[in-house]
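Please find the structures below.
One chain, subunit A, links the two complexes that follow: it is found with subunit B in the first and with subunit C in the second.
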Partner chain A sequence: MGNVASVQKALNFLNIENVISNNSDIINKSGYIILPGVGSFSQGMNNLKKYGLVDLLTDQVINKKKPFLGICLGMQLLAQKGSEPHETNGMGWIKGEVIKINTKEKRIPHLGWNSVNVINSRYFSDLTSLDFYFIHSYHLKVKDPALVSSTVNYGIDIVSSVQKENIFGTQFHPEKSQSAGLQLLKSFFEINA
Partner chain B sequence: MLTKRIIPCLDIKDGKTVKGINFENIKNVGDPVELGTYYAQQGADELVFLDITATNEKRKTLTELVTRIAKNINIPFTVGGGISSVDDVSALLNAGADKVSVNTSAVKDPDLLDRLSKQFGNQCIVLAIDTKFDEVEWFVYLNGGRVATNIKTVEWAKEAVRRGAGEILLTSMNNDGTKNGFALDITRKVSEAVSVPVIASGGAGSMQHFVDVFREGKADAALAASIFHYKEIEINELKIFLKKNNIQIRG
Partner chain C sequence: MLKIRVIPVLTFNGIGLVKTKQFSNPRMLGNPIQAAKVFNARGVDELVFIDILASKQKRKINLPIIQDVIKECYMPVGIGGGISDLWDINDLLRIGADKVIVKSKALINPEFVKEASDFFGSQCITIAVDAKKHGDGYKIYNNLGVDIDVIDFVRMVEDSGAGELIVNAVDNDGMMNGFDCQLIRLVETASKLPLIALGGGGDLHHYKELFTNTNVEAVGSSSIFSFTQFTPLDIKKELQAIGKPVRLC
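Our next item is the complex of A and B:
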């Protein structure tokens, strides 16, 4: 999964101790879990299954309520199913599905800086800017509107972040969104400290 | 609303930033990481690092430099120059690059675009095209503009997107280095022909040129080098100017 190096560098910049791992002992001992990811939905799920991470993450996040942040594909994989490139079951923590962005006037991928509309301010309250970097062709349609923490307009309103108890997911890349992104990452760790 | 992007391009040779006029007469203008950090602070929306000598010297990767860049700069950046395989791309993405650009290698082996997009997703695959107007038509040029082809630019852009390019970086060789403005007609033609974002490059000399390429050229992003490197235009001032002209800009 491609952007894991960038996420690590952002965490290092914030002096947050971190390790990139698929090892169950390390994941069990960690205080927080971040799942970054670029690539296709089915490839992402295959990778999680290959390393036995679906059950492990479900136990850690759903049963043990460990603070969790999914970024981009890492957020999309929380859905019940995806469609890239073919229908695939996701982890199912958030009711909804991931579908291709369908808006005739616009370019796909939705690529660049766009400002989000905050619905649930839990992680967004102290930010000096709401401009975040997006790069995606698929988006998460969430069944329960109460779980949508922010949206972004790209011809249609797209879910730009979800939040459910200890689970937070962003469609945009905080690790690439300069000061706004770093502030958001910081507040994820501080609020869940 | 999605904003238009301003992208400084840092041409790299032997780990140093350079800029050539029409790709020749290369002069050093600084350290890539230092310069990139400065641009990010000034409000650059992305950065592009191109190893302009890579195709000739067959140098494979800029992995060390990319690692340094990723460590210091937290806006997205693209790396290009001599990339010709899945392994090249894998190494650069793992080192922290957000996107890679391919040029000559994709023309010679179009299936490369299919392989790369299948492996990494089209969102991180940028197709760079060097184009030149030859009496009646815009054609694709290879090897940093030194080798002509009979491939029509718009046709190649369309094929590349079908195969998996997620973005087009279009450089007009007629305009590059002239400071007379971007090539508005070919930028617009490519922009209207493909469904992915188009970055216009070559010819920026004034702030008005950026307004023109966003409005008339229908570009999604504009790339420039010398005018930024020599501080003829400061990015923060450019963004204020664009906002005054009702162009959607971040910050």
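Our next item is the complex of A and C:
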């Protein structure tokens, strides 16, 4: 569910061959895996379980080290647990949890274009802009600061991307972030080529 | 820092783009796909597209046209008009809408906002708040015979899990004589949701006034982009000059 159509459109624009699928043969044969997603954490996990994707993705990404990009909820699901709308276990690839943004003076959801502070430049070098589009009420708190690849300030510092070996996740939507987002997607494929 | 969003609003009558004045006298403007193409090339922050007659004419929104509009957009798109069940929302999200904009159904059945936000997440449920002056306050403008104060409606949809409000001053719609800052202040005080101010932008100084007199973080406009030479970038440069954070590209 959710933003798969937008991600596909961005990949087509970049001339990157792609298919939307939950089929294990197709996922096993793929060169890269992108997990987009909007909606609640528990619903996202339910969907992955329903199609048997948790074990499959874990095998592909953790054991076989296939390049992986999680977008928005697709990044949050990498955590050990989430709380939307109730406590639910995530895939647990990244130590940490997903909690509601708690800031008195800011409006929730965090919605709009915000500039990220790059910590690990692996995918962010050569971008013409660091403004990306965010739309979320929950955020990922990461245990190991070394995995935080960028942050964004919205009253508090929020993790805007994580990176661990072959795993990359963005809280923002590169597929909705005009040229900066398209450049970032392109560098994900080029760097992992 | 979160940037001010300047959002072109396309209003559609089922056939072509139109621009109303005070929600009547629609004037034909042309092709929505062409308009989306132009705004995408200009790198706008977001686009809003509303079929203003779908609910009134009891028809569904035209999905093939919406799909062609969204195809042109590499930025977020909010789509509204004629949404009456969860399937309508699902159809729009599936073809790449980021947010759906609901009004009539929220007035008829407030429970719908809760169902929709529980299922799809608050972040994609935007509520259109069409406010018409009534005595000292404002009421929601509608053809459904629902009599509800703007603030009561806003609190109700916020409690039901809505993610954003588009606050449209009906009396200022299409008049190009400035925003209703009083209305925007009223709603931003009553609600913690992000909101888009709409209705009345006709000249650059109107935007300065809006962002000086309110704390709003997003503005929508239609007439100024159709009937003047100004672009979203011109508005953003004006806002930058008064110290507001904007995304220039």
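Convention: the second predicted complex is superposed on the first by the 193 of 193 C-alpha atoms of A that agree within 3 Å, B and C clash if a C-alpha of one lies under 4 Å from a C-alpha of the other, contacts with A are read in each partner's own complex, and residues count from 1 in each chain.
Here is the rule we go by: contacts are C-beta pairs under 8 Å (C-beta built on N, C-alpha and C of every residue); 3 or more make two chains touch, one makes a residue touch a chain.
Please read all numbers here as calculations on a predicted model, not as lab measurements.
In this overlay on subunit A, subunit B clashes with subunit C. In the superposition on chain A, contact of A:L14 is made with neither subunit B nor subunit C. Legend: residue contacts after superposition of the two complexes on their common chain; A:G181 is shown touching both subunit B and subunit C. Within the superposed three-chain model, A:V38 lies in touch with subunit B and with subunit C [touch as defined at top]. Shared-chain residue A:H110: touches subunit B and subunit C both. On subunit A, the patch touched by subunit B and the patch touched by subunit C overlap at residues 2-3, 5-6, 9-10, 13, 38-40, 107-115, 129, 131, 133, 135-137, 153-154, 173, 175-178, 181-182. Listed in rising order, the residues of subunit A touching subunit B in the complex are 2-3, 5-6, 9-10, 12-13, 38-40, 106-115, 129, 131, 133-137, 153-154, 173, 175-178, 181-182. Listed in rising order, the residues of subunit C touching subunit A in the complex are 1-3, 5, 43, 45-46, 70-71, 74-76, 90, 93-96, 98-99, 118-124, 163-164, 192-195, 217-218, 247, 249. Of all residues in subunit B, those touching subunit A in their complex are 1-5, 40, 45, 70-71, 74-76, 93-96, 98, 120-124, 166-167, 195-197, 220-221, 250-251. Those residues of subunit A lying in contact with subunit C across their complex are 1-3, 5-6, 9-10, 13, 38-40, 43, 85, 107-115, 128-129, 131, 133, 135-137, 153-154, 173, 175-179, 181-182.
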